[in-house]
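Labels for the chains are A, B, C and D, by order of writing; each one numbers its residues from 1.
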Amino acid sequence: MTVIVQAAPFEAALLSGAGRGLPGVGAVVTFIGQVRDTEGDLERMEIEHYPGMTERAIEAMLAEATTRWDLLDGIVIHRYGTLLPGEAIMGVATAAAHRAEAFAAADFLMDYLKSRAPFWKKEVRAGRMSWVAAKDDDETALRRW
Amino acid sequence: MTVIVQAAPFEAALLSGAGRGLPGVGAVVTFIGQVRDTEGDLERMEIEHYPGMTERAIEAMLAEATTRWDLLDGIVIHRYGTLLPGEAIMGVATAAAHRAEAFAAADFLMDYLKSRAPFWKKEVRAGRMSWVAAKDDDETALRRW
Amino acid sequence: MIDILYFAWVRERIGLPKERVETEARTVGDLVAELSAREDRYAAAFADLDALRVALDQELADFDAPLAGVREVAFFPPMTGG
Amino acid sequence: MIDILYFAWVRERIGLPKERVETEARTVGDLVAELSAREDRYAAAFADLDALRVALDQELADFDAPLAGVREVAFFPPMTGG
């Protein structure tokens, strides 16, 4: 299991390497979330986090996912700092014997990262900054698990 | 949209590049299925396919997924021929504005690839060959969609 | 003339991957009956139609589908891709 | 002595990321009341507790949680990771 919290960009290859060399792995799912510019006016995104708590929170999620879905490997990478449109914000990878487990665990991790990992996003559009509001949906999503 | 059917191994980077450069992409999901050797006696897997129909069937699935989940990009790679334990058999990538769409489309494509793409797997264990039987579950899974 | 393709254990049981046949069969079912009557290996391969799938011109079809205009018929077991 | 950390707009509203305070507050709620009484910027930041979350020693907690033994309290809006 690997947790990486960094300002620098990351390589997608880091995620697809999940479970490499483990003979029981039949399925590897990766997810990458990236900065969208739907309105065409997004200059950048600034992500703040809570060093220390971030790593602890993500490690706890990964441990929970590992137990619930028998993960053979799991990776979470999340960036902070300044990100430009098109850049990858974060990534998750899960490796399991079967597809259903790998998919469910990745989905679970994403739901938890959205509203239980201490990151806060701010968008800068046309020079104006605004904090991204949490969605009620994000909280509702946790009840699935 | 990209469909690749080949005997040669493929790079995971091919999948994670889905949707690259498209400003509307917020989520990229990839799935890689690989040869498992649970019993420790699998020598190799031999995959047969129906050239022509394979590509048509996969293109139809991708077109369906694209419409249903507003995919911005989709990639399916499937190998045939001889594969050794640990080798990647196939991969799927989906790129969409949001996470839920990318996950659902990848899941859908996997379900359809399992029982609607003309591939047949044969396992060679201790020198003995046997065709992998389709699971009733695979057929049931299609009813989800 | 129609091309008939066999895959996986159907191919192995019949002993060839492809053949071209002259047939008057109106449906897939008729064609199966015609082939089964030919030789034991065909009868063995087609013994349990529930264990078989058929594609007409590379599209999945039913065993009661008509063969009019069809150029390529393929018989195979349930697919195991993914 | 307790360390108090502020993040995102809570940090911006209060105007600092971290401070160390001497407090007798028994619960998070007591601490919030104490800080809010200090200055308007605190009162403004803590005006709507539904819009806030609190972590005690880096674990999410409730506003009625006791502070006994806690070394680090953090206040922030709902998280927007992922």
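Assume a contact is a pair of C-beta atoms (placed from the backbone, for glycine too) under 8 Å apart; a residue touches a chain by one contact, two chains touch by 3 or more.
Only a predicted model underlies this, so the values are computations on that prediction, with no experimental measurement involved.
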Number of hops, chain A to chain C, where each hop joins two touching chains: 2
Per Cα centroids, the chain farthest from chain A: C
Distance between the centres, which are taken as Cα means, of chain D and chain C, whole angstrom: 72
Whole-Å separation of chain centres (CA-atom averages), chain A against chain D: 26
For chain B, residues contacting two or more additional chains: 33, 99, 110
Numbers and ranges of chain D residues touching at least 2 other chains: 82
Touching pairs - complete list by chain label: A-B, A-D, B-C
Parts of chain A lying in touch with chain B, wherever the complex brings them together: 12-13, 15-17, 21, 23-38, 40, 85-86, 97, 99, 102-103, 106-107, 110
Residue ranges of chain A in contact with chain D within the complex: 33, 48-50, 52-53, 56-57, 78, 89-90, 110, 113-122, 131-134, 138-139
Residue ranges of chain C in contact with chain B within the complex: 5, 7-9, 11, 55, 58-60, 74, 76-82
